[in-house]
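Got some structures for you, see below.
First subunit A sits with subunit B, and in the next complex the same chain sits with subunit C.
The block that comes next holds the complex of A and B.
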């Protein structure tokens, strides 16, 4: 084990003489952690604490015909059976807090369950053991329904419908049932390529595996409020979700957390908090709701499964001239955060490479499995696995050294990315060079001379004419009107150079909040490091126009001659400009309905 | 039985902050009467060091010693809104909010000190050790503590600041996928060496060499811990972990740590790391979030090394002994690939 800090690289962009930044200072909370005195949510054990457990579906998809709780209710120590009807506003979707997606999930489900482990009622008892026994004593008459577990079976015509909010089993990215990415014309790129390399990759669900399982302890507080000690990763997400589901003003909730025993993405879903607060509301007593390890692993949302098909068109020298993706995020039965992965994964394509023709279709698919959610690398980890395995396949197909292939295709400052924003602040080439150097993986002089700062050209910086299609309208796939999930051939063309405005940070609201220019610790001119230097040292094969923009559709890319400087870097504008109220150029396609309005309305205002 | 060595490479970039923006973070900073500073947040410390990195950022931006700053998070009654600790947004979003709040508090502090020293605030600087002095005349100085006492009890002035940081929210064009996903990216490249046993299919990762570009190592120890732990998680994801071993079939799902396979302390891989720092223009002191991205290059690098070792492309994670053995059998035996440079 060793670590070195390569201060020699990018040294002219940094101020390394700071007082506290860059110093290996001890953590503020380390003494509490190593002596076992740090308080986590589970250390707030109130007098008279009650315990809540859920009764869960043993089926992938079923309807509850009837529930008999008579025996459970008679058990000594059972305080309350909590039914779906006890949840005041029993339908939500996590990202409704930012106005994205339809409400599609109940806190306690009635009458249909859509994954194995879905809760249909909860029992609050004096001890956890009694609550467990009482759940075991509930008798449920299940009508088992047909289910679907595979993402591509789920989008086929005739598949069982999983989630009534999305009856076609795909999240809606209106007007399509998938996220499209179109840049250039992949068909033209494939036609031009010397090799076609295709493969399919898959990642199974993965558990976040925090030492501390998800949970919350809620108790009535004075002034008609409830306190909730929680291990959430997102305090106000959990607070807002609780206010919505329980239909109470957010001002009646007092959430305390901040010190968490590991999260890795699995503690954003905000299920245990509304359950615990609901228990405290219904009993007037402190209530703890905590997943055991089995629930954490099989009921708590994992990192979702992904399936990716990649098709590359490659020139004999290793330049990738076209890359096509078809991707499936397996959301499980409900949306949670998977809808976001569709956008995030798409924005990540085609990886950190400059490829002149890119197309992708990315689906967020509902199946009868445990809902998926965030985990470290969310929306990216599975994509990177596919991309980098595929790069090795390409290297083998063309007989180029795998590291050299990456450097050849790596994105450089000023290059245009497939999502139509300029690359800046790149460092992939340098990472390749340094890692190879550490492992003694020798690179050619040409590869060692490459730099992220140089190499862009007018063609690499330009947005090409783009082939578009209208395949995959919402509902068409289920009706059998879509031949394939893969990107369809273009039916119309978007002129070269079409680009909207790059989003950036909102400036400070008062000048005093702006850090002084001499104190920001880096020396990057606004707009990134001098793109003017770029054209003087082009990337490899600069004389071959096909290097950057192949295909017959190469339009007058020169209409946009210089690399467009990246959008204004917000830190530090010398003088903060007055902030105009934010106005979108067109309606938000991800469903933000009222820009400028707080995304954290209280429960009562949301009504 | 033979153990075959393999070497694999992968490189990645990683988006910093919530995709498409719209994820604000706020911070409040105020001084106690004797010149200590409280930073109030709703950020979550999952063990990644949120409290520590925001404390360092606040101390740097205020120009006071680290020991004089304390971070209080997350109580919804006192901490201002923050979206949460996910999407590699903590350092970038909260760190920027803290800089803004600390900068406003610092401006107040310098005004208060200027009044005491009877000079212009523009002529003052901090020494980072708890003193404010006239630039070029270090003997004309006042302590931060005396400044705070004077501000509070004599001048009637608060040394406090508010900060919010928001990347404006945006959408995705449904026809082209045009979007502004994030404003900056971290980078990594990584080489994995491993052995594959062609009788058992077992993989032993023997060495990792890596380069991680993190913008700025705000706290080098915290960065080191993240990178070592994260790369180890990457090995675990590559070779062991899943809740559904026969996905999409749901059978054989593990329910505890006896059946959910993860590497133990004995499988910690020797890992030699180089950290690169290319500061991002809109990041606090240039720092990007190293925590999420560090596992990502390990998965494909392991897969590529397994292929290099025995000629089996396992394209479905995790890369279990069962899948490797089935691949070797399909190929009619192990087919070691070309010896990679440096082996």
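The block that comes next holds the complex of A and C.
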């Protein structure tokens, strides 16, 4: 089967005389794979290797009243019982390395467990079998606590509080307890529509199920360092997380990885590496911490469950004039990467369709389920599933051909997205045409003549007047005011043409969503790292133009002399202060390189 | 822990190791004999990543007691190539993109080798049946099935 590339369909748009792209290549690592010589983390042999196993909670939510390890400690071959107090800095959240979210999870939990399978201690022994038997010999007195396993039950009044860092069971997207998107006025759109189509969609958690389970081997190295072979997908994330949890300089950690026996997102959580290194620190011996298949399935963080409610206002001819979302991401008991899923899911709305009125509330909810994390387009796949099911439902309700409905509503180049960014390089119309052709699905001449390159209008390219509301303010639920799942009609209006809330005073939280030339290569402005969370001073000056004012990427909007919010007034560039000598307040508390740390990290060795 | 001496033939080499009581063949091969090509995927006989050939027949080494292979002949992916010359199965896997993370590949190759030894001209269905005990999470199996059929054709051409 031959592959058609978009460049074939848009041949006039650019000249792609590429030497490598589009041509078959051998994978550079394939010879190792077929000869069995590829060395995964577990393919490194150590003399005197010890094995670590965790004792895990059988309950969804419980308090440890007491633990009796006397029998386990007496067993022949048991080298060490690792307790929560042995973890030097036993509280972390994965994205703290990029300054996002509150520390909310312990490596070994004490005294409360918040999901089934959460570890409360670990045992290091000569063999895996001994470690297993020793864990079985530990006696724990559990006080079982009420639990909640459904996202909407978790945000109902009186629900058990899952995670003390977020007592309302919702991740905080300051100043709201959900991610908010407002574009136009959905209430006006619904009033104008001929049909209202409303439905709910759900997706279960999905385990990545890599063939190689999560694991790491750590061993003492020379010069007071530790080597760690790991199957992680995020080597430097794991290194930074290990340094933080164990409260040691990251220069004492020598991480070796990059060969992953299948990841799919499930190997970013950086749990096995700090455990293995801690084991090596406590025993002075090489220690392997490897999940067995049951652990991989039970405690390996899956793609989180999602629930989406979509309400569309549709005209009789199939044009969608309003689309409203309520989304729930089930984070499980701890944040991991689910907070990011909320942003990604919202960033994907309202799908690849130009809809003049969009409103969305997306909640990242804590429940007593296994914490969720990355998996193959997490935050996107579930939304797409819901969106495209809903498109079919709309087509049926209105009596329009489903492919035709998509072509009618698809983004055209130049259209304004609900995120106030211009759509460009659109190809949904062409995808529909090619797919219909392959499937022998008849399309009208009008649909076959449609193109992503044409069809935008001044109205489609403009930012409409937008209805705002302040519901769902952080902490409102605790005060007895529940955030309504339905966005209420706006009480305030944001004038047409305005990009949105001024972001100048908000610290940068989503580096990958704002591609700024100044950020590339993690450059830190002269004058040393600015405090990331200082709300009064912009952490990085380059924020202002891109976030608060119509950016250069939006010629249509830039030409619009719209009133610019006061906070977005161009800030004069700060005078660079002389570079202060590097003096960390805490060793490597931030995960990125800083000027003057090492010439091997700064890239200057290339010169 | 008491150790038992164990001798067998591994990829045409006479091999002797000491094993613990109750040690499985996967651990014995990896830690004892230093052949790291069989992989641990589940430890319960469901994934096939640890597949090795014992007297030409595929076995799950994680469910095989090490002492059961005394005096027998074993083949693993580490011995599939003839010197620097890759086996046609290995070639076909490379060129057909039949491995991504590569973790299931050694087991997959052993299952394929046993199939082609018993049935040099397998049908597509027979290939699917032969690798039905080997899980792969990356490829979706299609490239693997195709690669095995291509290797079979190449081996047939060589034999003719």
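Keep in mind that, in the parts below, the second predicted complex is superposed on the first by the 483 of 607 C-alpha atoms of A that agree within 3 Å, B and C clash if a C-alpha of one lies under 4 Å from a C-alpha of the other, contacts with A are read in each partner's own complex, and residues count from 1 in each chain.
Here is the rule we go by: contacts are C-beta pairs under 8 Å (C-beta built on N, C-alpha and C of every residue); 3 or more make two chains touch, one makes a residue touch a chain.
Predicted model, so just to flag it, every value in this text is computed and none were measured.
When the shared chain is aligned, no partner comes close enough to touch A:309: not subunit B, not subunit C.
In the overlay built on the shared chain, the residue A:43 is in contact with subunit C alone; subunit B does not reach it. Taking subunit A as the reference chain, the count of touched residues is higher for B when subunit B and subunit C are set side by side.
Residue contacts after overlaying the shared chain place A:344 against subunit B, while subunit C stays out of touching range. When both complexes are overlaid on chain A, the residue A:35 reaches subunit C alone and has no touch with subunit B. In the superposed model, A:376 makes contact with subunit B only, not with subunit C. Once the two complexes are overlaid on the shared chain, A:236 sits against subunit B while remaining clear of subunit C. Of the two partner chains, neither subunit B nor subunit C is touched by A:59.
Within the superposed three-chain model, A:27 lies in touch with subunit B and with subunit C [touch as defined at top]. In the superposed model, A:262 makes contact with both subunit B and subunit C. Counting contacts by the rule stated earlier, residues 26-27, 29, 209, 260-264, 293 of subunit A appear in both its interface with subunit B and its interface with subunit C.
Interface residues of subunit A facing subunit C in the complex, by the touch rule stated above, are 26-27, 29-40, 42-43, 45, 127, 129, 208-213, 260-264, 290, 292-293.
Against subunit A, in their complex, subunit C makes its touches with residues 1, 20, 22, 31, 34, 36-37, 39-44, 46-47, 49, 76-78, 80-81, 86, 89-90, 93-95, 97, 99-106, 109, 135-138.
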